[in-house]
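Single-structure report; data block below.
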């Protein structure tokens, strides 16, 4: 048995320290992202979620220019952008999308400016590029503490506003009538979203931040329409995909030529995408199946009515 | 500023502004800003893949953009396609990393395609921009009414025979076409800003879709020209100028409309009686 | 009419910009040959050969900038438009220049690419050619030929300068030979393959896996195994020096750097463009000396400064 | 078009149709014809599948059983059909005037340069005139009130002179005066143009003056006939499968769970009661 296992797998998965850090930080980030992701997908704010990852990087390069810590540059810019997005105060999905686009475009413009200033003022400016794909297997132990702290804060905020958001998702006016501070709920949620996105982007990369925020939640909302259950499903899917992705990436080192291991971000994103596709296919197929299985008769009422007429 | 080497830059910028102004109106009307961001950025994977397989990066970029457009259009559900877009963008970027890793080569070229050098436009590129830009503008004009109908009143459009699904596919492809030609020249940032900012401002200001189109084209032309001029004067990056002016144009348009509404009436117009 | 106003506004802005620019055009009033080096080390070599006959502009000269994310400014484009001689690295390292050269096509411009001079295929994995002791003498020869073509009258002058330069290169090769003799098979770790040609020339054993170097260079994810290998190099002190690219850093490279410092591995700072105060040959020699110091006494050179 | 017109072929022919959505049978064994110029009301409470039936006629919902023929073709869509969905949410900032919306009803599905002739605009103005909304022509659609939007959308469905118009809850969210006005308008247009109208409503009373027949949906089945034929205690009791009482008070039909019925609870859940106070 062990022989077979040795034959299939390269071994050392659980004895490598980098793997443990990746599993812990990646799993935790996936958990936080999945919880925040459920409301993000429900509210149609995937674009904002993605934009926040890149906008955080703007803060990262800005912080670098000012000589401030990268971490706080990320979090600061992310939270600021999140509040701006919410305060612009557009509540229709289409307008929100455009507002996000405008803020996003402006943020990217700032990146270009920082790159330019970096050239003229003489600072290094590679950070913005480096962050895109992160490095799950080489996490700086220094970020683990702040990442966990921010993650807990983000989870707490989402839990705090989750009832309000559930009611608001149903109908904003009903929520208002029930005394829900819709505006405050939106701002708090956006802050929670920003924290979740920034910590994920900072520790494991912007691409994974988007995938782990949207993917598991989108899968969960395909499977169930109850919010608490959707959160659980999303967490299981998110953490599961992360662990599996880390494992495949680790193993691919042994089988790929020249030890060009498949990047962990690709593995995780691909698994998340496959999960989403399968829930979509499952839904389509099951709908078609019930249609084909035919019509369940509701007694013989129709006949009786026809006789009556 | 009008030195010989700048001529092609002016021409290319003008064409890109025309294309972005036209296509952008529908980006805004359909709420497709995310798509406008995702398609050019996701096509990075195509460039990386093409380098890996030894093909032309531009070809790879175009193919990836078209494939992304199709997949997003097919998977989108009832106008809600943001989750699908996000996932596909992440997948494409992930594939880009995979290709870069597998090739193990120096990969500046793949990233470089996303940045673009508006000051380094060659005649050969110009031909492509004109060609693809003309096709996408023609597509927008020919499909103008069905696109409008399906994006604003999808159910009624479906009832009168304009398929919303088909229009989504068509528009995504037009967007892919427009960006493939423009991004290697002006960069993903500049193209994205132009596709969203001036058209959004135009849609706030204009009363009819036709006028929105005209305002949008004028706005993006003005922004691009002004940006090149400012960049020439101050040496600030063109992309930054375009992004800033685009954002400012939208903010000014919203502020203007709000101020005008406050000045002209105390109540809201929709409280007026039907007669 | 309303649109007229918009267009008018745009034109006003455009004219404003033109006024700011002052419509400066690059002239050859000084009678010097206008030459451009894509990276400042190439510019320095042009200066060595051309001497008083050339006016050289270096495009990338800030050693603290990441050259990968470079965006051209209009001033630069106009300089390229009037340049008679351009020297670049090639191999995709200065890919932006390819576009700019196409965009600013002139009839009589000599473009010398280190890649072409060395007859390297596009698939060459390490683009940092100037660390290779064979590169610059060949490039310098080509520069001298190019300058002679532009100004045949100064042929002797250029030939003399070329000879001086080639002779000065021996300081670099001698330093390499000394190090190689003193520390054969020196074990080193690296971040990016920046100085790999130098390391190859001294017969060093680069312990960092190529896949990790490529991942850092390209900004992609490193694998767990490579990352573990790299850390082991420091923790179990398997290397005598850590060759660190000071110019392109990320959280990943700073992490390794901290680890190296913690375990007393000397750091050798290397650069992608020439640091201020150095000439090309001085710079190369300084790098070799830094490596030698690390190997001899375990002394770090965290910054090349003058 | 002429073939349909000439004979007394029905505009819509639904035979033994059933729809299954999300594993649930919405309704089954639904069958009726709609004649040219007929005014048909689809009546039932929320969730009985009225909108689904309209969509089935449009062809946007797949049938699990049976068939639906519209204007002689397998499914609807096209120029002889007008449609106003139940909820149209229009952003206030859309660059679109009322007349642009109506014009889309005429040529929105047409490919080609977006240039409109004077005759197109004349037809648009006529359609707006038909619903007494000429004065809204130049206003932004998103800034109109609910009733005004409803009028404009109605004009949009009428502008192509369709043989059949499908209206989903056109009377919801309207004040009583507007309801009367719109009903009268619909009845007049239907008569004048010999245009069939299928309209959904949860309350049949305002429509009584114009309705030719009703389709009463409840419990997954439909009862079809004139108001007198369907709005009867015995028919609705059979349809619901529990005692129902239909009372006519001052010409208004009131449907109540039968007093003292054993399972009032069951009726209460799905009953179509118009809870209006007796006048």
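A, B, C and D label the chains in the order they appear, each numbered from 1.
Note that a contact is a pair of C-beta atoms (placed from the backbone, for glycine too) under 8 Å apart; a residue touches a chain by one contact, two chains touch by 3 or more.
Note that the coordinates shown come from a computational prediction; the quantities given were computed from them, not determined experimentally.
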| Starting at chain C, how many touch steps does it take at minimum to reach chain D? | 2
| remark: Shared touching partners of chain B and chain D are A
| task | If we define chain centres by averaging CA atoms, which chain lands farthest from chain D? Would you check? | result | C
| query | Based on Cα centres, what is the most central chain? | reply | B
| field | Chain pair, B-C or A-C, that carries the greater number of C-beta contacts | value | B-C
| Rounded Å distance, chain B centre to chain C centre (Cα mean) | 36
| chain A to chain C: how many Å between their CA centres? | 39
| task | For chain A and chain D, let me know how many angstrom lie between their CA-based centres, rounded off. | result | 43
| query | How far is the middle of chain A from the middle of chain B, if each middle is the mean of its Cα atoms, in Å? | reply | 25
| task | Please list all residues of chain D that touch 2 or more other chains. | result | 93
| Which parts of chain B, given as residue numbers and ranges, touch two or more other chains? | 97, 101, 104, 111, 237, 239
| note | Touching two or more other chains in chain C are residues 68-69, 71, 210-211, 214, 219-221
| query | What are the touching chain pairs in this one? | reply | A-B, A-C, A-D, B-C, B-D
| task | Enumerate the contact residues on chain A facing chain C in the complex. | result | 16-19, 22, 70, 112, 115-116, 118-119, 122-138, 140-141, 143, 205, 246, 249-250, 252-253, 258-261, 263-266
| query | Quick one: in the complex, what on chain C touches chain A? | reply | 62, 64-66, 68-71, 209-211, 214, 219-228, 231, 247-252, 254-255
| field | Complex interface listing, chain B residues touching chain D | value | 29, 141-146, 148-149, 152-153, 155-162, 202-204, 206-212, 268-272, 274-275
| said: Show me the residue ranges of chain B that touch chain C in the complex, using the header's touch definition. | reply: 1-6, 8-9, 97, 100-101, 104-109, 111-112, 115, 117, 119-125, 214-215, 218-219, 221-223, 225-226, 228-235, 237, 239
| note | The answer for chain B against chain A in the complex is residues 28, 30-34, 36-37, 75, 80, 82-91, 93-95, 97-98, 101-102, 104, 111, 189, 192-193, 196-197, 200, 236-237, 239-244, 246-247, 250-251
